[in-house]
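Following this line, the structures themselves.
Both complexes shown next keep chain A, but they swap its partner, so chain B is in the first and chain C is in the second.
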Partner chain A sequence: MDETVAEFIKRTILKIPMNELTTILKAWDFLSENQLQTVNFRQRKESVVQHLIHLCEEKRASLNDAALLDIIYTQFHQHQKVWDVFQMTKGPGEDVDLFDMKQFKNSFKKILQRALKNVTVSFRETEENAVWIRIAWGTQYTKPNQYKPTYVVYYSQTPYAFKSSSTLRRNTPLLGQALTVASKHHQIVKMDLRSRYLDSLKAIVFKQYNQTFETHNSTTPLQERSLGLDINMDSRIIHENIVEKERVQRITQETFGDYPQPQLEFAQYKLETKFKSDLNGSILAEREEPLRCLIKFSSPHLLEALKSLAPAGIADAPLSPLLTCIPNKRKNYFKIRDK
Partner chain B sequence: MAGILAPGLGVLAHLERLENQMSRSRKQSEEPQSVQAQERVLGTKIQKLRHLRDDLKAAVRHRRGSVKACIANVEPNRTVEVNEQEALEEKLENVKAVLQAYHFTGLSGKLTSRGVCVCINTAFEGNLLDSYFVDLVIQKPLRIHHHSVPVFIPLEEIAAKYLQTNIQHFLFSLCEYLNAYSGRKYQADRLQSDFAALLTGPLQRNPLCNLLSFTYKLDPGGQSFPFCARLLYKDLTATLPTDVTVTCQGGEALSTSWEEQRASHETLFCTKPLHQVFASFARREKLDMSLVS
Partner chain C sequence: MSVLRPLDKLPSLNTATILLVGTEDALLQQLADSMLKEDCASELKVHLAKSLPLPSSVNRPRIDLIVFVVNLHSKYSLQNTEESLHHVDASFFLGKVCFLATGAGRESHCSIHRHTVVKLAHTYQSPLLYCDLEVEGFRATMAQRLVRMLQICAGHVPGVSALNLLSLLRSSEGPSLEDL
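After this line comes the complex of A and B, so read on.
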């Protein structure tokens, strides 16, 4: 086993928390049951890692095996990366998409290898018809850097792919080209949507965040469901503004629904507008150039936070459509200009 | 102050005394007649009240009697009510059954506060398969609020073509795509689950199930060469492939009998559903085996 491969596997295993180690090793499926049983996982981590490296050497782990372990680690720790969303389009009059996974993988790899001699490309298919692609980038003269890979998650027979944000931006056009050509599309465009939560991005992009549908079989009529109003049920207490509270609750429910909101960490608005004022003759109103400013809303769970604003009394209901359109428009980056 | 009031008080007190005297003298002259008159009036009143009391007592007795009679006759009254309730329940069950039956038509819907929620129930060869929902908002322009259609079905394309101009066409087109997808998926699933013994490798498939690739042997334990089949379904509204290629893995030139078999397999895959073709292979194999033994 190559020294660099050994080092790579060692560093990957060291990243894995002890309580996840057996699960990830099982998912990797490289070391056999028998081999894993010989390892004492109760030792100090360094000893466990050394034993595992020894077993990998026995089995002659290759760079590809190591890359696969890296993919699995990233799949378990998706939130450590920030994901961008790309949308591809087909040319006019193109044939029906007869997606062939083997063909796709070969084509993708070939395009990258032709452009950059040194590149490591690995694939792992998942059950939800998605393929995880790991690319370690090198140049014509340097070997690929295994510690700064880019990940792409492509949902076959859809126009969407998710890419991990990286600082090495010079390879993005090549990656886009490889993906487009291999999947038999024509163009690729980056969407204004970004988050750490891949599942939420998927739910927003595929419009699957609301999966409750009204049917004749549903037993609870909609009016009976409690609106979650935390109002004292004691009949001796009269709430003066109950009408207003119910109005706010109704509007919130209509806008955000009853389902759990997809998880985003921020929404960013870039404004480039001229100053508008009722007072004539103010200095700002006379200014010809538009004002530029950036407004960013951050939260561990932005959409749930927005949903709770009006019921908490912090904002008026209905909220600005600029805030409520985020999942519908599939954007959390906005540019607002004067029309 | 006392001095101002005292003369007033003296005059008023005197006037009062005179008034009382006058009323006393009037009373004394009236007494015998008024008393008698009053007695007469009260007497008639007493009689009237007695009459009223007797009438009311009689009425109460009458009511009690009829209530007792009612209780005795309570059985037939109650069954009338129960029959009504049963009739209503039966009606309700009927309506529920009719609504459920709509599922078998493949396309049903329920009105919502903002539009309609359409339910597409797919089926293939009489087997009821998955259901998909599309929630439509009835506004200008008509739009899809949310749905459960799989991501690889070209819903956006179909909506772009038909949703605004011809909603019927939109729904029927979507039904076509979903039913065809369900049918292809069903065939692929059946092949994997029921005929794994005849496959020599894993079945390669894609999300839309419109490209299937597999290798199979007619006699699993035997010496014959395995066949490679590649099925392309270019028509997404069809459940049978548009292009089929069957090759022999041996690579060498085939004998005429093998070539005939290969060609017949190609035709079979084009004309019959996948799992039925394999069912016929399995039957033939059983037949051959029974002939041998």
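After this line comes the complex of A and C, so read on.
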């Protein structure tokens, strides 16, 4: 086994928390049951890792096997990456072909290898007709850097792909091209949507976020639900604005629904506008360049936070449509310009 | 325009009613709970409202003290208070109104300058109290203070009226207010 491969496997296994180690190794399915049983997982981590590397050497692990382990680790730790969303379109008049996974994989790999001699491409198929692609980038003269790979999750029955943001941005056009051609599309466009939570991005992009759970009793009338809060209250406390509260609850429910919101960390608004003034000859009015402003809302769970603004009394209901349209428009980056 | 008047209803026997006006219901609820925990010879009633005017359809006892809760973290809260003040009759401001500013402890979250609420209270000739309502200990102390004030405003403390209390509180204000 190559020294670099051994080092790569070692570093990957070191990243895995002890309580996930057996699960991930089983998912990897490279070391046999017998081999795994010889490992004492209760030792200190360094010793466990040493033993595992030794077993991998025995089985002659290849770069491909190591890359597969890396994909599985990333699948378990999706939130460590920030994901962008890309949408592909077919050209006018093109037919919808039956998708052939094998042909896609071959084509994708070939395109990248033709352009950059040194590149490691690995695939792992998962449910829902999705394929996880791991690409380690090199150049014509340097070997691929295994520690800064890009991940792409492509849902073959849809024109959408999710890509992990990386610092090596110069390869993005090539990657887009490879994906488009291999999947028999015509064009690829980056959507204004980004988050750490792949599941939430999926829910937004595939419009699956508005499904209520079956156990939720949505037939309870609104009044009963809001007055349910009052059962514990002292009868000496009287709420004067019950009608107003109910109005806010109703509007919040109409806007956001009863279901849990998809998880996003931020929303960003870029405003560009020319200065408008009644006074003639003002210096700002003569300015050619528009005025720019950037507003960013951050939260561990932005949409839930927005949903609770009006009921908490921090904002008036209804909220600005710029905030409430986020899942509907599938965007969390907005550019607002003068009409 | 419906306006709250202090003396348009007859008082109930041994009852003192306070009206808390503020945008954040959770804070008002907590303050109300703290007040009701206090030992008090009078029967207390706490009314919570987001803003004024109050809905007219309700049969309501006479209100003895109005506390406007302003959250220094929220301009919306201040705006709501300013608009609600228009629905209070001038005679209420003879000791039966007070302002409570919360959130001063977290300086970095404050979007309203202290000066603004000080000026507001000065304009309406009413006392301004500071209390971080989110902190249990401070809230309990403030609740105690408000209960005592409420008893005086309801006339349950012999020899002290709301107006007396007001002038007592005003005389402790520093000379800096003269500059406003």
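Everything below uses one rule, namely that the second predicted complex is superposed on the first by the 296 of 339 C-alpha atoms of A that agree within 3 Å, B and C clash if a C-alpha of one lies under 4 Å from a C-alpha of the other, contacts with A are read in each partner's own complex, and residues count from 1 in each chain.
Methods note: a residue touches a chain if its C-beta (ideal position, glycine included) is under 8 Å from a C-beta of that chain, and two chains touch if they have at least 3 such contacts.
These figures come from a predicted structure and were not determined experimentally.
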Of chain B and chain C, which one touches more residues of chain A? B
For A:207, decide between first (touching chain B), second (touching chain C), both and neither. first
For A:101 in the superposed arrangement: first (chain B), second (chain C), both or neither? first
When the two structures are overlaid on chain A, which partner does A:129 contact: first (chain B), second (chain C), both, or neither? first
Contacts of A:170 with chain B and chain C, given as first, second, both or neither: neither
So, does A:158 touch the first partner chain B, the second partner chain C, both, or neither? first
Could you look at A:240 and tell me whether it touches chain B, chain C, both or neither (first, second, both, neither)? second
Examine A:313 and indicate which partner it touches, taking first as chain B and second as chain C; both and neither are also allowed. second
Going through chain A, the residues touched by chain B and also by chain C turn out to be none
Going by the contact rule at the top, pick out the chain B residues touching chain A in the complex. 96, 99-100, 108, 110, 112-113, 117, 119, 133, 135, 145-148, 151-152, 204, 206-208, 210-211, 213, 232, 234-236
Residue positions on chain A within touch of chain C in the complex are 233-234, 236-241, 243-245, 312-316
Contact set on chain A toward chain B in their complex: 95-102, 129, 155-158, 160, 206-211, 213-217, 222
Which chain C residues qualify as touching chain A in the complex? 19, 22-26, 29, 32-33, 36, 43-51, 54-55, 58, 74, 76-77
